[in-house]
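Which chain is which? They are A, B and C, in the order written, and residues in each are numbered from 1.
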Amino acid sequence: MTHHIVEAIDLHYTYPDGTVGLNGVSFRVSHGESVALVGENGAGKSTLLLHLNGCLTAAQGTLRIGDYPLNSKNLNEVRRSLGMVFQNPDDQLFMPTVFDDVAFGPLNFGMTKDEAKQTVLRALETAGVGHLAKRPPYKLSQGEKRSVSIATVLAMSPDILVLDEPTSSLDPRSRRRLIELLKTFEHTKIIATHDLDMALELCERTIVLHGGCVTADASTQEILQDEAFLHANSLEKPLCMQKISLWDPNKIPHHTHHHSDYTHKK
Amino acid sequence: MHMADALISPLVGATMWATTAGLIGYSAKKLKDEADDRKIPLMGVLGAFIFAAQMINFTIPATGSSGHLGGGMILAILLGPYAAFLVMASVLTVQAFFFADGGLLALGCNIFNLGFFPCFLAYPFIYKKIAGENPTQAKIATGGIIAAIVGLQLGAFAVVLETVFSGISELPFQTFVLLMQPIHMGIGIVEGLISAAVVSFVWKARPEILNSAQGVASIVKVDMKKLLLGVLIVTLITGGALSWFASSNPDGLEWSMFRTSGKEELETSEKVHASLANVQGKTAFLPDYGFKKSEPKPEASESPTWPAVDPGTSVSGLIGGFLTLVLAVLIGIVLKRRKIKSLPER
Amino acid sequence: MNNIGKNSFDIGRMDALAAGDSLLHRLDPRAKLITTLVFIVAVVSFDKYALSAILPFFLYPIALISLGGLPYNYLLKKVLIVSPFAILIGVFNPLLDREILFHIGSVGISGGFVSFLSILLRFVLTVTAALILISLTGFNAVCESMRKFGVPKPFIVQLLFFYRYLFVMTDEADRMVRARSLRTFNSGTMSFRIFISLIGHLLLRTLDRAERIYRAMCCRGFDGHFYLIRSMKIRVPEIIFMSGWVSLFVLFRCTNVPLHLGTLITGIVP
C-alpha cells in the first residue's frame, strides 16, 4: 500500500541570482495529516512547494514523496500522487473551458476519453462546481476559479494535496465554502498560507518557515498562542484567538453554519 | 495599416491566404522540431501581451499624435522567427474576428504584411546581422530600430501592391506609394524606438531571456533562404494559377468596360490618370480577377449586370435594389418576431 | 472606462453572445465557418462597379442576426467604428474615376462614386459576417473547427492560449495604465520613457506568468501533447444550413435579383 507521506531531509536551494531560498529544511508529514506551512513573505514557502512537485531541484538534501525518493525518473508518478493547487488560479486554469482544464491532467496521464469524461464530472461535483463545466475560466469568480483549480487536481486522484494560499483574494463566504470543502477531504494536506485562522481550523500541525529554515514544527494551537515567537517570525495571533483571549482563552469558535448550500449553488 | 476585405479581390485574397497558410504550416512544423514544450504557453501569453500593449498609447513629442506598439519585431527577438510569426498571425486573427480589423479574406494579406516581413526578413537579415552573437545595448538598439523600419516599409509596400493588384481602389500606384511609404516611415521609426527600448529593458532586467532566444534563433538561420524561395514560389504559382483561371474565363462585358475606361483615362491629360492607366495596363491581367460569372453566357448578354450605361436599367436597378433591402429587413423583422414569440415556450 | 478596459469588455460581450442557445448557436461551428467564408468570397468577387447586385446578400446577416437573437445596434455600432482604412482608401475613387457611368434624371453618376459605394457595401457585409460568426459560435469553437480543417495544432493551441490570457493581460495592462494616470496630473499624455517602462514591466510579468503556467502544466503531466475532447458532428441541420445558404449565394451571385425585380416593377408601372 502506498504511504502518503512527504519527507524532506536537509533541503538547500539558492536561486541563480544568489537569493537563498531554502537553508536546510527538514520535516516529515505522515499519512492523513493536515499541515499548515506558515511564514512571512520570502520565508521560503513557495520555494519549498516548488520542490515538492519537482519544479525546482534542491542543490542538497533529499525529498521523499509517498514511496519514492523524488528524482527525474519518477517525476510523473510523483506529480500524479501529489496534487498541487497554485496560488493564482489564472495560472492554473489555462484551457478554453473548465471541462478541458479538469480533463488536462487525466488525459495526460493516459486516461481514455470516456474515462476522463467521467472523472472530470466527478471531480467537478466533488468540488461543488459541476454546473460550471462548459464555462470559460475567465468568466468565473475568484471563488469559483479556486474550486475549479482544486477540481483539476482532484481529477488526477492524488494521495497528497498541496495548496498555495488557497484563501487569498477570496471573499468571506467563498473562503468559508473552501474551508468546509477542504475539511471533507481525507488526503494528506500541506497548506501554505497567511490565513492563520484557517490554519487553526484545518490543520492540527503547523510548520513555521523563517529565512529558509524551519523555526517551529508543532501543534497549531501551541504555536499560535506563543505571541513572542509569532512576533519574532513576523506573524500574528489569528483573529479568533485575539478576540477570545479577552473572555476565555480555551474556547475556539467552531464555524458550523451556512455551508449547506455549497453544492447547491445556482 | 490593415488591409480590408472590401479593398481586395478574391484573387489577391486567395493568393495571400495560400502563401500565409504555407508559412503557418511551415512555422508550426519548425516549432514542433524545436520540441520546446515551454514555448506554446509562452507564445500564447506573449500574444496576449502584444494585444494588450497595442492598446497603450504614448504621446509623440511635438506632434500631438500618439504612438503604440506593433509588436512583430519584439516577438521575433524574444521567440525567434517561426514562433513569432505564429503569434503575430494569432493577434491579427483575433483582431479580424472581434474588431473587424481587416477582415477574414484580407487576413492572409495582413498576416503576411505584418508578420512575414518583420519575422522572416527584417529579423534574420537586419537585426541578427547587427546585434550579432554578443549583443550590446547599442547593437540591440540600432538593429531593432533599423529592422522595424525596414519591416514596416516592406509591409506598407505590400499593402500598396495588394491594393493595386486588386483593382478595387482607384488610387494609382505612384500616389499610393507616395502616401503609404512616408506615413510608414514615421510609424516604423516609432515602432523601432519602442522595440529597441523594450528589448533593452528586458535585456537589462533579465539577460537570460534574450540569450535563450538567441540560441533558438541561431539554429533556424540556415533554413531562411530556402523558406524565402518557397514563399516566392507558392505566391507565384497560386497567383499565376488563379489569374490564368481568371483570364481563361473572361467576362466579356467587364473586359470591354475595363478597356474603354482605361483608354479614356489615357486621353485625359491629368497625370494621375495617365499613371493609373499605365499601371493598370501593366497589370491588366490581374484586376480582372477570377471566380467570376459562373452564369451561362446567353443570360449575361440578355440582362447586362449593373454597370450598364442604359439609364432604364439603372433606374430598374435602383428600384430593385431598394426593394431588395426592404424585403431583407422585413424578413429579418419576421424572423425576430417569431423568435421572440417562441422564446417563452422553451 | 478607458480604451483597454473597453476593448476587453467588448470581446467579453461577444463571447457572452456566443454562449447563447439558439438553433444557430447549436450548429456545428464548421458549418458556420464554411458558410461565412463562401459568403465573403461571393461578396468580394463582384466587379468593382457592382452595387444593386450585392444588395441581396444583406439577407444573410439580417436573417442570422434575427434568428440568433443578436443585438442589431451593437453589431451595427461595431461595424461603424472599425476600419476607417476602407473608407480612407475608397474615398479617392470618386475623385479619380470621374467618368460618368449613368444618369439619374439629369444628375450624372460617376464610376468612382459607384465603386466607392460598392466598397462600402462590401465592407459592411464582410465585416458583419465575421462578427456574426464569432457572436454565434465563439472564438474557441472557431479555432477548434479550424483544427478539424487541418490548421496545424501548435498554431491552434497557442491561439487558444492567447485567447485565454487575452483577458488576463488586458486587465493587467488596464490596471497599470490606471495606476499611472491616477498619479499624474496631465493624465491625457504619456511620455515615451514612462511608456517603455510600463510596457517593459508588463512584458516581464508576462514572461513570469508564462513560466508559472508552464509549471502548472507540468504538474499535471504535460509532455508536449494537447488533448481536447470534442464531439463535432455534421448532421441534417448543418447540411440544410450550409446547402441552403450556399445555393442562395450562388443564385445572388449569378443573377442580379434586384435588377430583375426592378425591371418587373418598372415594366408594370411605366
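Please note the rule applied: contacts are C-beta pairs under 8 Å (C-beta built on N, C-alpha and C of every residue); 3 or more make two chains touch, one makes a residue touch a chain.
What you see is a predicted model; the values in this text were computed from it and never measured.
With B-C and A-C as the two chain pairs, more C-beta contacts join B-C.
When every chain is represented by the mean of its C-alpha atoms, the one lying closest to the mean of all protein C-alpha atoms is C.
For the pair chain A and chain B, the distance between C-alpha centroids works out to 48 Å.
Between chain B and chain C the centroid-to-centroid distance comes to 15 Å (mean Cα coordinates, whole Å).
Between chain A and chain C the centroid-to-centroid distance comes to 43 Å (mean Cα coordinates, whole Å).
Shared contact sites, meaning residues of chain A that touch two or more other chains, fall at 94.
The set of chain C residues that touch two or more partner chains comprises 160-161, 163-165, 168, 209, 213, 217, 222-223.
Within chain B, contacts with two or more other chains are made by residues 41.
On the side of chain B, the complex with chain C involves touching residues 1-10, 13, 24-25, 27-29, 31-32, 35, 37-38, 40-49, 51-53, 55-61, 69, 74, 86-87, 89-91, 93-94, 96-105, 163, 167-172, 193-194, 197-198, 201-202, 205-206, 209, 251, 254, 257, 261, 264-265, 272-273, 276, 289, 291-295, 299, 303, 305-321, 323-325, 327-329, 331-336, 339. By the touch criterion given at the top, residues 12, 15, 140, 143, 160-161, 163-165, 167-168, 209, 212-213, 215-223, 225, 227-229 of chain C touch chain A in their complex.
Within the complex formed with chain C, the residues of chain A that make contact are 50, 53-55, 76, 79-80, 83-84, 86, 88, 90-92, 94-97, 99-100, 103-105, 107-109, 113, 116-117, 136-139, 152-153, 156.
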